[in-house]
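Each of the next two complexes has chain A plus one other chain: chain B in the first, chain C in the second.
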Partner chain A sequence: MLVELVIAVVMGLLFLGIHRKVIARIQGRPGPPIWQEILHTLKFSFKETWVPRTASTLLYVGIIAVAMGIWTAALYVVLAGGSILILFGIYMLHKMVEHGVGLSPGSPYAKFGGIRSVISASSEIPLFAVIGGIYFFTGSLMISDLVAYQADNGPLLLSILPAAIAMYLVILSKMHYGPFSIVEAKEIVSGYQTEHFGVWRAGLQIGDAIKTFVLLYAFVLIFVGQLGPVLLLVAMLALLVSLSFICAVSPMLSPYDSVTVQMVAICILVVWLGVLVVIG
Partner chain B sequence: MASAGVAGEPFFALPFGDIVNYFTPYTAVLFGFALLFTLICILSRPEQQLDVVFGTDAYYAKGVTGKELRFRRFMSIACGCATMAAMVSGDVFNFTLFVSMVGVCIIGIVAAVKSRHVLDAAYNYGIIAIVATIPLFGGAAITLATTGTLSIWELSAMASGMPLIAKMLIIVGVMGEGIAPFYAAKAELFRAPGAPYVIMIHVSSLLMFLRVVEILLTV
Partner chain C sequence: MEKWKVQTMTIAAFIVVIGAWAAGLVGLIGQGATAALLVVFFPVLCLGMMLWWTLGKGEDDLPFMGY
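And now, the complex of A and B:
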């Protein structure tokens, strides 16, 4: 089990590096090498580290363990073919990581990131379109059942496209440098992560890496089905590059525009799903 | 239980008299998370929030001390306990009761903060939360009137299950307790100092919403 975790961390960091590289190339910049995020994490791991005097110490430190713990649990849920309700529950609980990291140091910049994280809670709403759509069409929320269903009936991507788009939006809202990344906007330095440095930042990077890997892997499993290792990697990379493309060509929205765009999108998707339900 | 395809096979049931709580992989994860944040509220001291004075290089620190700290910590722990109970409740009425209790505790967490802005937000939140209890309990009442039971176990075994209108009322009620699109006041509550306690506000609301999704898909 530890092997899968190490693979997820390394692959996740590599995916984050590819994400940065693709954005840079689309914007006409050379960009960092794709292993830059691995180097960052190693560098942070050996930097001098302390806890700010104003911080709530237990929360400041403990939330890093929570960040890594919840995404490790999510990885095993996906690998074990568990319920996507647990997976999406963990996704929503990641909000608590953003709040905890943002509010615990006492810094105004980190706090703004934490408050924006509350505002951006609307990005979780598309999840319920995904859950509702999948449950209606397949009668189960267990990933193992969904894989078996797709082996018999073909990819869910084709039969419930609006749910797939909703999950795509969910993943997009958690990508760095994306249109909805208001919690880490540069006008508030590094947003909620501003005051976490050294080993704490390395821990956050590791949590981020597992999160990226898990979300991409889960999307492929839920909407395409079980693939061989090479095809799975190709599918995850294709998904990542498409997300990077959107991040590269779209500006970061203001907090309230970010909420409005996601709410409008989800309303359209829910109506679309409703039409599919009526037809089906 | 019929929810096996939703939240996994139940581990065990924990009866308290006629109240039967149950732990599935899903409810156990939610319960564990509520417990973790309750422990953080019990054990950690609040941060010292720094604020910049606009137009100058000056900054000032806002702390949480003395009576205010004790009261807010108590309300956070009460909120955590109500959340944990709602996570494993096997009864629709108990669930709605604990959701309402969470709403009251959330107001309590920021009621002692000496900031007009935060208190205004708490007042706005309070109005929405109180109004939301009407559909919340209304949904439970309709369920009892039409099916004769409020037990999630029994409702999940029934062919007809919970009426659609009751499901809709309960979800509106839980949304009113602090999830999008009724969560605007909560963003303002987050401006209050005292991170571990303030975070409990959103922890409880998110967990409530995650639980209600499982309940509504099950029944």
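And now, the complex of A and C:
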């Protein structure tokens, strides 16, 4: 699994770079090279690093290890074809990371980011629609079972589109520069990451990279099925570019609007799923 | 944290990560055990490698409190 982990880090950083590049091109800017996030991580890892005087050292440093650790575990769950309940449990743990990173240094900007991560809990609600929809239609929550089901019955993307849209919203809410990225809005500097610099920021970047890779990979496995390496990469890239497009053309919402839009979206999706259940 | 502690921790994490990977490859331990060891020690190894040269050069500072 070590090889897959290293691939996930490199590919994840590359995906984040492509995300920035696509947003820039859509907005008519040249944008950074697609390997910029890899260079960023390398640059941060050689920066002078210390712990701020007002920080809780254990939380300030430990939470970075947690950020990388939980997404390493998520990668294993996806590779092993484990339960999507564990995967989504880890997704919810990421909220704890955002909160911990924000509260540990003692800076008000980071603290605001941490608090916003709590009020943006509505971004997790679509997960329930995903879990409920998938379980009703397939009778299992194991990724390996879902892959086998799709090999026999075709992609779930077509049969339970609202669940796929719900998971798409979940991934969108965790993308940088997205309409729901209120935890790192510029009016609070860099949000919860404001005071994590140098090696600490590089660690968060690595966690982010694994997270991006895992979420894109999981979406393809859960809603499209098992693909060959090239097709898998193409599918993940297509998914990423569509997310980047939305991020590029939509403004970052205010915290209130972000929560409202997500709540309205999930209500519509739940009704849609209900209709599918009644019909099916 | 003192530099020698970070370096010792990094070397220990490196040994565990490589050992877990190799043991998993030859079947000495299960994939779940390999993953569990990587979940704990991969972050330590990453942070340790990056802190190897940079730790302890700067003094503690107050965080950015605004203008």
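Convention: the second predicted complex is superposed on the first by the 280 of 280 C-alpha atoms of A that agree within 3 Å, B and C clash if a C-alpha of one lies under 4 Å from a C-alpha of the other, contacts with A are read in each partner's own complex, and residues count from 1 in each chain.
Definition applied: a residue touches a chain if its C-beta (ideal position, glycine included) is under 8 Å from a C-beta of that chain, and two chains touch if they have at least 3 such contacts.
In this text, all values refer to a predicted model and were calculated from it rather than measured experimentally.
Asks: Would you check which partner chain A:I131 touches, where first means chain B only, second means chain C only, and both and neither mean what they say?
Replies: first
Asks: Scan A:K95 for contacts with chain B and chain C and give back first, second, both or neither.
Replies: In the superposed model, A:K95 contacts chain B only, not chain C.
Asks: Thinking of the overlay built on chain A, is A:I64 touched by chain B (first), by chain C (second), by both, or by neither?
Replies: Touch status of A:I64: second partner only.
Asks: Touch test for A:T54: chain B only (first), chain C only (second), both, or neither?
Replies: Touch status of A:T54: both partners.
Asks: Can A:G106 be said to touch chain B (first), chain C (second), both, or neither?
Replies: A:G106 sits against chain B and chain C alike.
Asks: Quick check on the superposed pair: does A:G114 touch chain B, chain C, both, or neither? Answer first, second, both or neither.
Replies: Only chain B; A:G114 stays clear of chain C.
Asks: Could you look at A:L5 and tell me whether it touches chain B, chain C, both or neither (first, second, both, neither)?
Replies: Touch status of A:L5: second partner only.
Asks: In the overlay, answer first, second, both or neither for which of chain B and chain C A:T72 touches.
Replies: The answer is second: A:T72 touches chain C but not chain B.
Asks: Between chain B and chain C, which residues of chain A are contacted by each of them?
Replies: Chain A residues touching both partners: 53-55, 66, 73, 105-108.
Asks: Of all residues in chain B, which touch chain A in the complex?
Replies: So the residues of chain B touching chain A come out as 5-8, 25-26, 29-30, 33, 36-37, 40, 43-52, 59, 61, 179-181, 183, 186-187, 190-191, 193, 195-196, 198-199, 202-203, 206, 209-210, 213-214, 217.
Asks: Considering only the defined contacts, which chain A positions touch chain C in the complex?
Replies: Going through chain A, the ones touching chain C are 1-3, 5, 44-55, 61, 64-70, 72-73, 76, 80, 105-110, 189, 194-195, 198-199, 202-203, 206.
Asks: Under the definition above, what is the set of chain C residues touching chain A in their complex?
Replies: 17-18, 20-21, 24, 31-32, 34-35, 38-40, 42-44, 46-47, 49-51, 53-66
Asks: List the residues on chain A that touch chain B in their complex, please.
Replies: Per the stated touch rule, the residues are 53-60, 62, 66, 73, 82-83, 85-86, 89-90, 92-93, 95-96, 99-100, 103-108, 111, 114-115, 118-119, 121-122, 124-125, 128, 131, 135, 139-142, 145, 259, 263.
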